[in-house]
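Labels A, B, C and D are assigned to the chains in the order they are written; within every chain, residues are numbered from 1.
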Amino acid sequence: MTTVEADVSSPLNPDQQAEIDALRSETRATLRPTVPELESILYEALPVLDHGFVRVIDYMGDDAAIVQAARTSYGRGTKRSRDDRGLINYLMRNWHTSPFEMCEIKLHVKLPIFVARQWIRHRTANVNEYSARYSILDREFYLPAPEQLKAQSSTNRQGRGEALTEDEAARVLDLLREDATRAYDHYEEMLNEAPDGSQLDEGRQGLARELARMNLPLSFYTQWYWKVDLHNLMHFLRLRADAHAQYEIRVYADAIVEQVMRRWVPMATAAFENYRLGSVQLSAKQLEVVKRMLAGEQVEREGTGISPAEWREMMATLGRD
Amino acid sequence: MTTVEADVSSPLNPDQQAEIDALRSETRATLRPTVPELESILYEALPVLDHGFVRVIDYMGDDAAIVQAARTSYGRGTKRSRDDRGLINYLMRNWHTSPFEMCEIKLHVKLPIFVARQWIRHRTANVNEYSARYSILDREFYLPAPEQLKAQSSTNRQGRGEALTEDEAARVLDLLREDATRAYDHYEEMLNEAPDGSQLDEGRQGLARELARMNLPLSFYTQWYWKVDLHNLMHFLRLRADAHAQYEIRVYADAIVEQVMRRWVPMATAAFENYRLGSVQLSAKQLEVVKRMLAGEQVEREGTGISPAEWREMMATLGRD
Amino acid sequence: MTTVEADVSSPLNPDQQAEIDALRSETRATLRPTVPELESILYEALPVLDHGFVRVIDYMGDDAAIVQAARTSYGRGTKRSRDDRGLINYLMRNWHTSPFEMCEIKLHVKLPIFVARQWIRHRTANVNEYSARYSILDREFYLPAPEQLKAQSSTNRQGRGEALTEDEAARVLDLLREDATRAYDHYEEMLNEAPDGSQLDEGRQGLARELARMNLPLSFYTQWYWKVDLHNLMHFLRLRADAHAQYEIRVYADAIVEQVMRRWVPMATAAFENYRLGSVQLSAKQLEVVKRMLAGEQVEREGTGISPAEWREMMATLGRD
Amino acid sequence: MTTVEADVSSPLNPDQQAEIDALRSETRATLRPTVPELESILYEALPVLDHGFVRVIDYMGDDAAIVQAARTSYGRGTKRSRDDRGLINYLMRNWHTSPFEMCEIKLHVKLPIFVARQWIRHRTANVNEYSARYSILDREFYLPAPEQLKAQSSTNRQGRGEALTEDEAARVLDLLREDATRAYDHYEEMLNEAPDGSQLDEGRQGLARELARMNLPLSFYTQWYWKVDLHNLMHFLRLRADAHAQYEIRVYADAIVEQVMRRWVPMATAAFENYRLGSVQLSAKQLEVVKRMLAGEQVEREGTGISPAEWREMMATLGRD
């Protein structure tokens, strides 16, 4: 798993931080289950990329709620912690997914538009996005860290390969920065309006927001409230925390696994890592090969019906390369 | 709206009530929004029909969370209560549905199987049903109150008409009771096992639970955890609290509107009643008629393109019958 | 995989067969892709269980449509058959699911109500069920073949174990048959109406259909139109054609794999069998064990973090028991 | 409804047109229902905006299929055309939505990214988008027709108001064109690769596609296969063919209503226009006002509980302004 970058400036302005501090200052009483570990970061912005973040806004349920739902119980559903862990492992292993749907989380996420376009492909979630028809976007765009600027992969048509040379990387960063800056300058000029609503030039009308926004590149940040149940969250994380996912969405997925999910539902997180994130699937043909190998046979690819690429991948997975 | 029947015996046994009391005895601290009105009935069984109930197990969000999501805000999102109400009305009126999706509720419902079969048609929800493959169902079946026993409607192919005569009603209740009782007796005999797991007859094996259950009629009670967001809950309630819905599901919908939703999100409930439950839709042709009538014209059905049945319904709606 | 029973009487009456024959007699011209193999059984009832069936009513797309969507192409998307097969395997192996969603199938299914209750849990599909509020159900209920009558499993709380003794099986069949027959007799009496709409007894009103149906046991047959995309169909089939699924739904899943899907999308079916139906998932911990075993180590369960039940299952899968 | 612009150059290149011609040259035989009116435009690109299109790739069902599903019939489901129309009107009027879900359509759409971002919010559909991680986007971006360049509305925070002056419009078009052109030049430079895959500059590596794309503005065109059932299509069209929808998505919705849906399901389209597109919803409070007005009363807004904005809108709708 990649590491979430740590040394970025806060993605919040002082007003935003003050609003968050106000939220965190007021404790209420509830009969519902609570998760103190998760409450400890509630509302805080967990930084991701250069200006993005993930904030936990609300949550419903905990590890015990999974157990409670699986047992359709009248009370807490919990017996002993060890039994709960065993049941959660059993449910995860056997794809009994509905008890995990009984936990829900609501996040506030700030992310580049090209990342948002991948993210939104996960349809079983609720989304409220900041509207660029209604409001003016901020002057914030994603600029990759130099070490993230990589060449097109020569083996994987949808991946990155080697790092760019220092010169080429510098040129790329200049182009990205200049084009984004100019695009935003022109966005403001077309709007004839600053983000605070003041008019720039009294003589002009200003283009409608819903039109002016089309000039902004996909590197600009947007933000949304995103609410999802734990089962569908894990489905998202399994695909987006994967090594084949684009780095810029993977860092969000990693931040959610490490900083949110592990605090919220530690037992489900452990089961998720064992049975999903770290698991491998053997096809029927691959299983045949493994059985023959375990029986002591020296197996050649020919005749197995497995393609060379798949064979290489499998042998790497099994530590046989 | 129909009235939820009140004078039924508690649908809970003492053990279940004790589990609920235990849940209600323990208050926790949280930074999340809470709704004291809803907490006051949390976990309690709200009785519906003769053995059914609705229990609120958990909830996420409140009226202010709708506003907060609509504004994608960093803080609570609330300005003044009056503004919140106005915004919620605006969102409801203009079908901006996604902010309502940001609230979520988890219910435990006990209901007859034929009601469950209608309920489950609402797909955008999470469900964990008590498993009759895994467990033994209780000896509990729905027996309508005598005044609910009505003849097939002569005008509506899927509705009820006049009440049955006293004799006919008595005969129906006898048949329903006897068949359900006998079916359960045979269910137990086939299982060769009591609900507590003890064997009835040492000499027999006992049929698998997943098979024996097929002998039970649709009047038997099942139960499930049902989790849904506020938008989809309102969609369910609009269709199932409607006069055309079958009485036995309508009483659940009514109980949820009156006893749950009104406590949870009072502003959204008021908007829901005005813009959904109590609203009418005028077709393009009907709108033309209303405009002509408002202009003082005496309008005849002929030539309007509106069918006689639709015309009658419209005139009744407009108070012109 | 279980075998779909063959020697049952036709689940159709002569009128229904005549309607189907009429549909099959009329060929039309289309520019859309067609699948002659599937057209050869279009509209026909494929028998399942004692009175059930699966009928293909319509379909959209074929193997090439998967390829076409994956390439977002303007034309047919096909290059050579070998390339298509390779791409379909690649998509299936790497969980690129959206191209499979581009194929759609519409089935007419007749099935016992307790099977329908499992089936409907798959939410991403379109359903139109025969309405027992509106119409009268037929006198048709499921009676298991004697060899299917099994005892509760002693090891699996939601499965079947050994076959019942002949005597016990006979007694079960008698109970199921008698209770279902009596329940339907009383259903008709309460309705005071035959399925053809004629009144039985002039002196009585007859109970509304929506109420009378509650007397029928879960063994009765219902029917519905069910429309689903290929991705979600495979998800359904993977869970329901599995050895852990209840026999009565598994025979429907098997019939769909063998008689429908294989005719419709043979390449996708082969990939589905290799990468889904016949595949196994190794957890992170299990993968460690397999790697150690392949490296020649004699591995003991202790210290692996794998539970005894999971260990046994894994060793059986790997052919090491 | 807005008019779809007609006089744009073909959005297809000769190769693409040749692929479409090939598809249209080959007729096949089928037993499925066909819609000759829709077949007449199958695969053709219906132009929308300056470079966009809608293409019908496949369809399932017709008006009769709605009727057939509503009746869960064995045969075609059709009696007489007049009965079919009446039933479809009844289903539409009473929100019996599932029979409409039994029809499905697959479209190939080329559209600006900012339009795609609105479109994708409709989650109940299947999507396969052209991948800018895998492939290189074409040099095609949306440039509004001058008469579409309008100022921000002064009354509606998310709408357009008056047309821009000629000078201001010209300046806006220059900015949009220049920024898009420069962004694409730099995209190509960063990629170091032309759309045909040839390298531009041998000395450089070229940035990965998944990164370089972030420089492109939201005005650039993307394309996707989009498959949806008729019920969800109508939901999309009701919101996006509405006067409050942004012009750039409305022209797609209009093209689909007029050129696709009307050909495909003419009876459902007529019902859709009467009961959805042209309908109005009266809230409970508005209904009270209308009833009082129809009874001859002169009603003032005060005391009705209706806000001034809502009152104005209602009076305009009723032709009373």
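Everything below uses one rule, namely that a residue touches a chain if its C-beta (ideal position, glycine included) is under 8 Å from a C-beta of that chain, and two chains touch if they have at least 3 such contacts.
Predicted model, so just to flag it, every value in this text is computed and none were measured.
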Graph distance between subunit A and subunit D, where chains that touch are linked: 1
Classification of the subunit B:subunit C interface as same or different, half of numbers criterion: same
Distance from the mean Cα position of subunit B to that of subunit A, given in whole angstrom: 35
Subunit B and subunit C, separation of their C-alpha mean positions in angstrom: 29
Shared interface positions of subunit B, touching two or more other chains: 98, 121, 127
Interface residues, subunit D side, partner subunit B - complex: 86, 89, 93-95, 98, 121, 239, 244, 273-275, 277-287, 290-291, 293-295, 307, 310, 317-320
Subunit A residues touching subunit B - in the complex, by the definition given at the top: 12, 15-16, 19-20, 22-24, 26-34, 39, 42-43, 57-61, 65, 68-70, 72-76, 98-99, 101-102, 104, 106, 108, 126-130, 223-225, 227, 229
Touching residues (chain side subunit B, partner subunit C) in the complex: 112-114, 117, 120-121, 123-124, 127, 131, 133-134, 142, 144, 148-153, 157-162, 164-165, 168, 172, 175-176, 179-180, 182-183, 186, 189-191, 193, 204-211, 213-219, 246
